[in-house]
Structure formats: structure tokens, C-alpha cells
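Structures are listed in the sections that come next.
In what comes next, subunit A is part of two complexes: it sits with subunit B in the first one and with subunit C in the second one.
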Partner chain A sequence: MRKILAIIIKDAIMRFSGFSELLFFIILPIIFTFLLAGGTPSGDEDARIRLLVVDEAQTALSAQIVSELAASSAVRPEVVSRADAEEQFSQRRASSIFIIPAGLDTASLQEGTAAVDFRQQPNNLNASIAQRAIQTALRRVSSAVSAANTAVSQREEAMPFASDAEKAAYFDQSLELARELQEDTPQRVTVIRAATPDQVEYDPRANSSAGQLITWVFIPLFGISELFAYERATGTLRRLLTTPTRKATYLLGTISGQVLMAIVQMLLLVGFGILVMKLAWGRDPLALAVMLVCSALAAAAIGSAMGAFVKTSGQANGLSIMLGMVMALMGGCWYPIELFPPAIQTFVKVLPTTWAMQGMLDLVLRGGGLVDILPEAGVLLGFAAVFFAVGVWRFRYE
Partner chain B sequence: MQKLFLIGIKDLKLAFRDRAALMFMLLAPFLLTLGLGFVTGRFSGGSTSGLSDIPVVIVNLDKAQLGDALLDVFYSDDLSALLEPAEADSPEAARRLIDEDQAAAAVIIPAGFSESIIPSREMLDAGAFSAEPVQIEIYTNPARPTSAGVVKAVVDEFISRVEEGRIGSMTSILGIPGIETMSSLEVEGLAQEMFAEADGQDFSSAAITLRTDSQGADAVEFDPLAYMAPGMALMFLMFTVSYGGRSLLVEKIQGTLPRLLVSPTRPWQVLGGKVLGIFLTGYAQVGILIIASALFFQVRWGDPLGIAMLIAAAVFGACGWGLLLTALGRSTGQVGALGSAMMLIFGILGGTFISLEDMPAFVRAISAITPNAWGLDGFTTLALGGSLADLGKPILSLLVMGASLFVISAFIFGRSNVMKR
Partner chain C sequence: MPSILEVNNLVKKYGDFTAVKGISFDIREGEIFSLLGPNGAGKTTTISMLSTLYDPTDGDAVIAGHSIKKYPMAVRQVIGVVPQDLALYEELTARENLEFWGQMYGLGGKPLASRIDEVLEQIGLTDKAKNRVKTYSGGMKRRVNIGVGLLHKPRLLFMDEPTVGIDPQSRRAILDTVKALNAQGMTVLYTTHYMEEAAELSNRVGIIDHGELIALGTQDELTRQVGQTDTLLLHIGEEEDPEALSTALRGLPGVQNADVSDHTVSIITPSAEDILAAVVAKANERGIKIRSLDIREPNLEAVFLHLTGRALRD
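Let's turn to the complex of A and B:
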């Protein structure tokens, strides 16, 4: 036990000998969590997509369109000048601009010449959503006129009008009726968010917090391979052969030290999530502890297995960072896994990051408890068992 | 000048012989680009995101005109790639599937939905233009907010059309002469006919025409990988420049730098050669990744001269940062660690991970100090069909950035003992 403790302390001293380690241990993870969460506003802020609106018409109709957009659940209209809108659009600071040209009024609507312009950056999801919101707003604004026009043509078909004046009067009467009907339109859709045990509100920042936690902890744990390679290269592992230290003691000391440091790092990031981002990490501390330990063990096991194969510490360093980043990306730690094609969603189940992320989201997002995360924890322990076995089997002193 | 080139070429060769460095310079950005290709749906034919085959459960208890019409919408060819609908027997079964994370949302169409909307004799007699609403329930999965949002948008769009049909038919019916004397059967038949007619109108027939324009879409169809691939290449370029800078300190420690300085070689030639080596390595790295994106992912880059100049400017700007880091660093370990940190920070600030548009305003302002942001701006311009003439601003900004950082670094080097014998 003393030897194991000595190895843990030696590794901790070596790792934190310079300030730069703190960068990767806590500073960068917090910056990344903060910035990536910054792209996904909290419940207090307006999460709707910003839509630049240029109102050159300045009529009651254009005001009605802007008002409909403001009531939309998808976009947040921001009325600006054309020059400002075009500058932001050309610099790609705005995904789309909506221009209501001069001359758009009720008369043009009745004549069927009313038109508005929408410009969007290509391949932009926000712009596509904004376009749908505009279409809905235009539909609402113009549907009364469309209905009146339809009523006029239906009436004309059934019984022709005696004069243009009669037709116009009929149109006005129909328009009034259509507007009255529109105002009385009831809500026809109700959205219910699936209930979680504690009625957790969905918070996309939870994705950022959990995803960055996994990313920044898995990479250094994969880095255990670098420790092995470094000690092999400097000959310290060979020296161990001359001492009464068993291979298991060395491996246990090295790995448990890194796992302990990873758990401390995760607790700091969880603390940041709770205190700064107000995330509900602490609902079931036992379940959280199980997930943190299982995730750390799985990552440490992969690092140990890698350490048995890599030749130099440079190689190990590059491989750990590369694998860590790729696994984090594919495991849904950077972008929600629901965005992946179904085949890829199935394939990425071979990655520990996928299971770690799933378990963390069960806790922080779905309000799950110990029972809910047992499958993920079991799979992670399975990863740990397999890779530790490979690591120990292929471990070599030189 | 020859010495300067010899030192530069030597460093280029050394970098490309280092397997660990190659992993970082080429393999990592390539694999991450591949992964991002999956996320954006680039490899699955998606146009704007990787969303496809969203599992949605429908319960149609209405079993009438509008309930069936909504079911048809979910099964329509237009949405076949986006949605994967399935039907459930009861609302409870559908909700259970959502609770078990088997689907993104459940759409429950209650009995009497059609009846509550299509005008009837009773509605007209009672003057109740809006009957007691029978609401469709969308039960959403909180873990799949984007997919659930898509399902809601589909239902909203349908309801919007239905409302238009309802208002149109009600307005028409109420104006028909002799409506008061018609039988219930006649009124309902007329209502069905007019409702179908009004509901059948597509958006293009709306009173306000929406003219759309996708910037540059007429010339070139924008490829999301045209943003992702250079984003990753530029991020890992920051590793390359710090790796190159670190080699200067390595030579100092190993004694090869003092040896060079005692030979008839001037310090500026040594420093120039090292900078040239970093520049050539960075240029080769980004060039290979851009060519690989064209060969393996069929990204069309357009103007080759524009690409060549943009890469040169981006590498020049990044070299400035690499040199500044080397000038300030006290050990190879420090330069390596700070270089990796700079790579990641510039990556996120420059828009590699998420679009700058989604970032807070202060981050967008800070991003101007990164070669990544300017480089990505240039690459996006090219991917949208731009040419060298359109790259003035990003190229000039990168050159100014590089030059300024070179001057500052040279000043710091002049005061340090790195380049002294």
C-alpha cells in the first residue's frame, strides 16, 4: 500500500510540476464549457434565432408582419437599417435577413402584387428555421385577404355580382369576417415535455457541461500511455525490475493515481456546473459518483492498453489527444448525438464516450438515479475490464 | 539566402519524418473532419444538418379527414428522409416509447379533431365560428430537442394550412346566398368541398410572395465540409507553428544552435531559416489537408490561386503567433503546452467548433486576433464561389497580423539570449 501511495504522489508531483498542467486540468475545460454553453442560452435568456428585419415599407401591414414575427416561438426579429443588415449578412454575422420593401400595403395585398425578400446564408439551419417562421407569419397576415378573395370567387361562381361596387362591398365584408375568425382562432396544439422524475427542464447547457467534462478527462487518462512510454524511455521501469516491486503494484499505483486525479478534475467541473451554470448535477450524489468512477476507469484502462503498444512518449501524446478528441466528437460530447445518422448512432455504441455521455445526461438532464445509470455504468466497467486485461497482458518494462 | 533555404528545408524534412507530429498535423484533423462530416449529414445526403430518420410515433384517434391528412403528411415522400413515422395504438403506448427514449416525439391526434374544425350546420346556426378546440398533443423527448422541434414544426405547418382552410371556407360559406335554408347535409357537403379547396392552396398562392435568395447558391452549392475541413486544418496549424518554434529551443538545448551560430552564419539567417521551415511545414500541412478534402470528400474549392494565397497568408499569420510563443517561452515543455492551449483556444474562438454567429458578442470581437477566424472567412468565401479578388480583407488582415507579431517577436528575441552564441 505504501508503494502504491508513493507512486501516486510521485505522479501527481510530476504532473503538476508546471503551471501549464493547470491549463489543461481546469482552466481550458472551464473556458470550453463556458464558451460552448454560451452558444446555448439559459432558460432566462431569449433562445430564439435572431432575425434581421429591414422594414422599408413602414406601413400598418409591415408592422403587423413584424409583430407576428415577434410573437413567433422560433425567431426574434431585430429591426435594423438595410445597410446595417447587409453589412452583418456579408460578414456572416447574420444567418438571414428579411426585407419588407417600400410599397407593401393592404392595396398591394389585394392586388396580389405584395412581395417581400428573404436572403439566407446557404446550408444554415437557423436560416431555414427563420424562413419557416416568416412563412407562417406571412400566412397569418395574408390569410384573411386570401380568405376574402376566395369568398368573392366562390360567391361569383354561385351568383355573379351585379356591379363592381357590390363585389368590393362583398370583399370588405368577407375580409372583416375572416379577420374576426382569425382573431378567434384557438390553440390547436399542445406540447408536453416528457416527464422526468424531478420535472427537469431541458437545458442544452447540460450537454456542454457533460460533454466537456468527458472530453477533458478522457484525454489525460488516455495519456497514461505517455507515462508508460516515458518511464520505458528513461529506463525507470527497468530499474523497477531490480527492486522488490511487482508489476501489479506499479500498474495499480500509476493507474489509480491518474484515476484519482481525474475524479478530482471531474468534481471541480461538476462544481462549476452546479455553482456557475446552475445545473442539477447533485440530485443523486451516489449515482453521480458511480458514473464518474466508471467513466474514469474505462478511460484509464484504454490508456493502459495503449501504453502497452506505443513506442515513444511523443507518439503516445499525439495518439491520446487524437483519440480523445475523435471519441469525444463521435460520442456526442460536442454535438448532440441525435444529429448523427441512425447507422452512426448505432456504430458509436462501441465507444466508451458514448456510454459515459449517455449516463451523465441521464443524471443531469433526465433526472435519473442509480438504477437508470446502471446499464451505462455496467458497459463502462466492461470496457475497463477488457482494456485493463489487454494492458496488463501486454505490459512490458522495456 | 541559400543558408536560409537550407535550414528551412531541413526543418520541413524533420517535421515530416516525425510520426508523432504527423499524427497531429494530418491524421487528427482529417479524422475530426470525417466525424464532422457525419454530424453535418454530409455523408448521408442531408442538406443542412445530420438530422434524418427522426423517429416519431403517431396515434390517430381522429380517424377522419384531418387526422388522416396529418398522418399522410408524416408519411409523405417530402419528409421520408427526415422522419421515420410509426403508429401506436394508444396515447399511453406512444408516451411510453418517448419516456424510454425510443422516439423523439409522439403526436396524438384526438378523436373529434376534424369535427372541431370543419364547419358544420351547428356551428353556423350557433354562430360559433370557433368550436371548442380539440388539441393535438405533441409529447416531446427532452433529450432530443432538435428532433422534437422538427416534429413540432411539421405539425405547426399543417395546422397553419388547416386554419387557412377553415377561415377560407367559413368566410365563403357564410356569404353564400340561401345558406340559411340549406339542410345540414348540404351545408356539410359544401363545407367539405370548400375546405378541401382552400386547404389545397399552396403557399405560393398566398397573398404575399416570399422571394428567397441563398447567397452564392446560384453559383455554387455550399458544402458544410468546406467550412469544417479548413476549420480543423487551421486549428492544427497552430500546433504545427508551436512545434516549429519549439524546435528552435530544442536546437539550443541540444547544442546545434550554438554550433550554427559559431559557423559563418548570421543569427538573422538562422532565425529566418527556422521561420521559413515553420512556414513551409504549415503550408504543406494545410495544403495537404485541403487537397485531401477535395480528393476524399469532393469539396470544390474553386479559384486555385485564391486558395494558394489564402493558405500562405493564414500560415504567415499563424507563424507570427508561433514565433511569439517561442520568444516568450522559457522551455520546450512550456512552449509545447502553451502551443496546445493556443491551438484549442484559437480553435474555439475562431469558429472551428461552433459558428461565431452563435457566440457572445465579446467572443466575436476577440476572434479577430485569431488566424482561424480570418482564414475560415476566406475559405468560406472561396467555397461560395469567390475568387482571389474577394479575399482582400482576410488576406490583408492575416498579413498585418503576421508582420506585427514578427516584429514583436524579433524585438523579444533581440533581448533574450536564445540567438546568442
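Let's turn to the complex of A and C:
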């Protein structure tokens, strides 16, 4: 234990022997987090995304969908003609258009066969957000409709309607009531400034805070490989193995030291997220702790495995930065993963950063708790186990 | 004196290449034993096996009763190692280095702190202990490198070419430190390719070449093998051509061999006195001016030359 502590202290002194490390440890991560969050949107301007809506149905139902969209905090529907919408879309002046077809009725909406038409520019974040908002609006209208339908059939069982007209009136009344009730339902996640439908999974501040945290912590943990290479080059690792110190002690000390430093770094960044960015990192401290530790272990394991293969510390350094950057980008730490083509979205599941990012977003964006992050934490621990095994198995001291 | 180290037929292969070809020797408690050999002879490989870093390909060694193969951890408690290449953390101060390595030897707390003071005193770096090692001169770094190996007062100290590449003053200090440590009872295995160091320090010398121990004994025992030969060293000016002189001298009666290094021609002869006049005459005849000359009685250099036909430093 004393030896492990001695190794940790030695590594900490070495790491923080220059000012530049502080830059990478906390200063740059904070600056990046702040800048990529886009600062704060200015006061009154409508920050919602403009969405062109073509209403070809022109029914009460389609009007409800439009008003549901208008109530969304994510999009600002603008009803236009089809020709106008298509022109704007083809000139790329609109990121997406939403067409409500003529045949849309309650039945098709209920059965999920309603063929609404949504067109989006490729790889456009705003379009993805609009799509989510539309899905939410449709779902809300549809659930209101189903509530009204239930009300009608229950009433019919108790006391049959005198006429179809009476039945229709009762339906409209129930629908109105259902919508009023829905309005009062508290909404779960906040986005940008106001309440938002729970389907929109993007908030620049939350994504920036989580993404930058992962980026700036994974890179130095991959840097464990550099530490191994450095100690091989200076001969200190050889010397260590002529003292009564076991290989396992060295590995445990070196890795746990870097993991501890990573956890301190993450806590500082989480603190910045809570205090300055007003993000809800602290909702479930236990779940957050699990995510932080599992992420750090996965990254440290990859660093250890890399350490067995790199030749020089320069090579290790370059590789750590490159891999860290690529994994952060591909894992959705810089841009939401929803922007990637579907095939890539599947592919990036092989990256630990993807799982770390999703777990962090579960906590800070989707309001999840321990249960929600268990799958991600489990996958990250799996990464850790596999790569630690490789790292220990292929460990070299020269 | 009982042996603290017994080496039995130690072999090390790197792939197809055999770096150490079955060497055997022993070191008695309290002596300084030198392994003398040229570059690539297998000194570092031998020390690496003895210090439990490399597994021997064959053979074994017993240190203070423990087999290096079976009980490496017990061996590591007994030995101190001063590696040929510096093995220090340059970002750390000398004291921080000593603290770290002391803890790796299982020391700690007050005993370690006071031991570090002693060691700093011994290596003459008490004043500079708080400076980072990377700010040190080569000689100072070498001394810290030695200090690390002394912390746990090892019974047996391995020193692998501790004076390579440093100024004469630091070298002197290191040789004196080795003697002082030995006087305090520490047994030392010292490797070098400097004949003078082996001669000055050691009770016994093993000469190693191409992975084989080709001679072993006290300096007297070894030089006696060579027979009664002297070495005559002729130091000439930089502008002169030593090759020409040595070629000319090889023909003289009584000259067994003449060899050049830098601006010195060394002649192996049964008696330096007898050929001296002829050598000087020959040099004059060639117009080569001899600045000074030395006569050396048989030494380890001559032993090596005798055994291998090569100079120790080539």
C-alpha cells in the first residue's frame, strides 16, 4: 500500500511539474466546454428552430398538430404552401419541411399508418431536432385522440348516443379536455430556456459539458501508454524490477494514480457544469459516481493496453491524442450522434466514448438515474476488463 | 570468507545469439570483484540476470543463499543495483528520487528520511538535494544513480560501469565512494572496461569477452599468466603519424607487438629497458618526435591482449 501511494505521488509530481499540464487538466477543458455550449442564447429572440409546415389536410386534427408544434420549445412552425416549402427546401433555405397529407384522420393517426411526409437536409442537426419535435407532437395529439376515443366508447356503453352528431360533439369535447389535461402535465427535461417535449435529446450546454469532459479525460488516460513508454526508455521500470516490488504493484500504482487524477479532473469539470453552466449533474450522485469511475477505468485500460505496444513515448503521446480525438468525435462527444448516418451510428457502438457519452447524457440531459446508466456502465466495465487483460498480459519492461 | 554470490554456468540467449555462454564464478563476502571486458562482452547481461531482471536461459546463481531463479524477491532484498544507464526521474529532485526508490525498497518514515540524509552526504549532494535531477551535470546524475542503489544498505552491490562518460573529478569521487562502501563492509560486483579501475579497486578480477569468462583471479595471478612482459608507451605529438611509427617499430628485435591508440603507441616487450635505445633511435631516424614515454609492468590490459590478441578498448 505504501508503495502504491509512493508511485501515485511520484506520478503526480511528474505530471504537474510544469504549468502546461494545468492548462490541459482544467483550463482548456473549461474554455472548450463554455465555447462549444455556444455561451447563453440572448434574451428575447426566438431560439426555436424554424419548421416549414404544409397543411394539406386542413382538418381540425391537422390544426391541432400545428398548434401542438407551435407549443413546442424546440421548433417554430411556419405554415406555407407546398410550392413555397419545396422551393425553400431545394434552395437549402429551410432545414426541413413537414407535410400533413390530405387523407390524415384520427384512425390513421391512431393506427400509426398516417403517412406524414418529413424531408430534411442531410446531416442537419436542426432537422433532427425538428423530427423529434414532430414525433412528439404527433404522439401527443394521438394520445389525446385515444383518450377521447376511450371516453366516447365508455359513454356509449353506459348510455348510447342519440345520434352520430351527438357522438361527434362528445368526441370533440373529450378531445379538448384531454388536451387541456395534457397541457398541465409537467414536462421532464429542460432544453435551452423553456420546457421541451421529452423526445428532443440535444442541449448544447449539456452535450458540451459531457462531451468535453470525456474528451479531456480520455486523452490523458490513454496517456498511461506514454508513461509506460517513458519509464521503459529511462530504465526506471527495469530498475524498479530489481527492487523488491512486484510488477502488479507497479501497474496498480501507476494506473490507479492516473484514474484518481482523472476523477479529480472530472469532478472539477462537473462542478463547473453545475455552478456555471447550471446543468443538472448532481441529480443522482451515486449514478454519476458510477459513470465517472467506469468511464475512467475503460479509458485507463485502453491506455495500459496501448502501453504494451507503443515503442517510444513520443509515439504514445501522438497516438493518445489522435485516438482520443477520433474516439471523442465518433463517440458523439463533439456532435450529437444522431447526426451520423445510421450505419455509422451502429458502428460507433464499438467505441467506449459512445457509451460514456450516452451514460453521461442519460444523467445530465435525460434525467436518468442509476438504473438508466447500468447498461452503459456495464459495457464500459467490459471494455476495462478486456483491455486491462491485454495490457497486463503483454506488459513489457523494456 | 564465505561466498555471498555463486554463479553456476549462467547462459543467456537473445534469440539465436548467445550473449553469455555459461559463466561461473563466486564472490566472497567483503570483496570487490570486477568483471572487466570490452563493449558487448556480456557484462550488463550478466548483471541483469543476477539482479533478477532477466531469466537465465540456463544455469543459476545463488545470492546470500537464495537462488535467483526460485527466490527472486528474497534476492532483491539483499542486492543493490546501480545500472549502467541512468535510471532516475529527471522531473523529480534528488531527494524525491531517493524517497521514491527508498519506498520501493520497503523503507519509509523517519528511518528513510535519515538514511536519505546519510546517502546524500555520501554522494556529496546534500546541498543540491532540492534541485531537479534534470538540472544536474552528468557526474551529479551518476552519483544520484549510485545513491539510489545504497538506500537499503545492500549486502551486495552491483555497479555496472558507473563511471562511463564523466569527467575525471567525478570519476575519482565515485571510485573513492566504492572504496569507502567496501571499507564499511559492502561487497561489490563492479563491471568496467577500464583496466585501471579494475586494477585499483578489485581484490579479484574476472575478464569477460564474447560472453565467456576467459580469466579469473587476483591481479597478480592474472598478470603472471602473461609471462614477464612490459608495456612501453610512446606519446607523440598530434601532428605525427603513429601508424607509421608502430609499423616501423614492429620490425625491431624484442618488440612482440605494437599497437596504436590516439597519439600513443604501445609496445609489448619482454623488457622495456633493453629495447628503449633502439626504439628512440628508430623514431629519430623517421623524424618522429617522442614527447614522453611510460614503462608499465605487466597489467590487465596486457593480460587481455595476451588472451584475445586484441586491445581492451577497440
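The rule is short, and it goes like this: the second predicted complex is superposed on the first by the 234 of 398 C-alpha atoms of A that agree within 3 Å, B and C clash if a C-alpha of one lies under 4 Å from a C-alpha of the other, contacts with A are read in each partner's own complex, and residues count from 1 in each chain.
In the analysis below, a contact is a pair of C-beta atoms (placed from the backbone, for glycine too) under 8 Å apart; a residue touches a chain by one contact, two chains touch by 3 or more.
Only a predicted model underlies this, so the values are computations on that prediction, with no experimental measurement involved.
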item: Contacts of A:158 with subunit B and subunit C, given as first, second, both or neither; value: first
item: Touched partner set for A:107, first subunit B, second subunit C, both or neither; value: neither
item: Which partner, subunit B or subunit C, touches more subunit A residues; value: B
item: Subunit B versus subunit C as contact partner of A:2, first or second or both or neither; value: second
item: Subunit B versus subunit C as contact partner of A:385, first or second or both or neither; value: neither
item: Touched partner set for A:148, first subunit B, second subunit C, both or neither; value: first
item: Which superposed partner A:32 touches (first subunit B, second subunit C, both, neither); value: first
item: Touching both subunit C and subunit B, counted on subunit A across the two superposed complexes; value: none
item: Touching residues on subunit A, where the partner in the complex is subunit B; value: 18, 20-21, 23-24, 28, 31-32, 35-36, 38-39, 74, 89, 92-95, 104, 109-110, 112, 114-126, 128-129, 131-132, 134-136, 138-151, 154-155, 158-159, 170, 173-174, 177-178, 180-182, 184-196, 200-202, 204, 312, 314-315, 317-319, 321-322, 325-326, 329-330, 334-336, 338-342, 344, 361, 365-366
item: In the complex, subunit B residues that touch subunit A; value: 18-21, 23-24, 27-28, 31-32, 35-36, 38-39, 41, 43-44, 46-53, 84, 95, 98-99, 104, 117, 129-130, 133-147, 152-153, 155-157, 159-160, 162-164, 166-168, 170-172, 174-177, 194, 197-198, 201, 203, 205-217, 221-224, 333-334, 337-338, 340-341, 344-345, 348-349, 353-354, 356-360, 363-364, 377, 380, 384
item: Contact set on subunit C toward subunit A in their complex; value: 48, 51-53, 73, 76-77, 79, 81, 83, 85-92, 96, 99-101, 103-106, 108, 132, 148
item: Complex contact set, residues of subunit A against subunit C; value: 2-3, 6-7, 9-10, 13-14, 17, 234-236, 238-246, 397
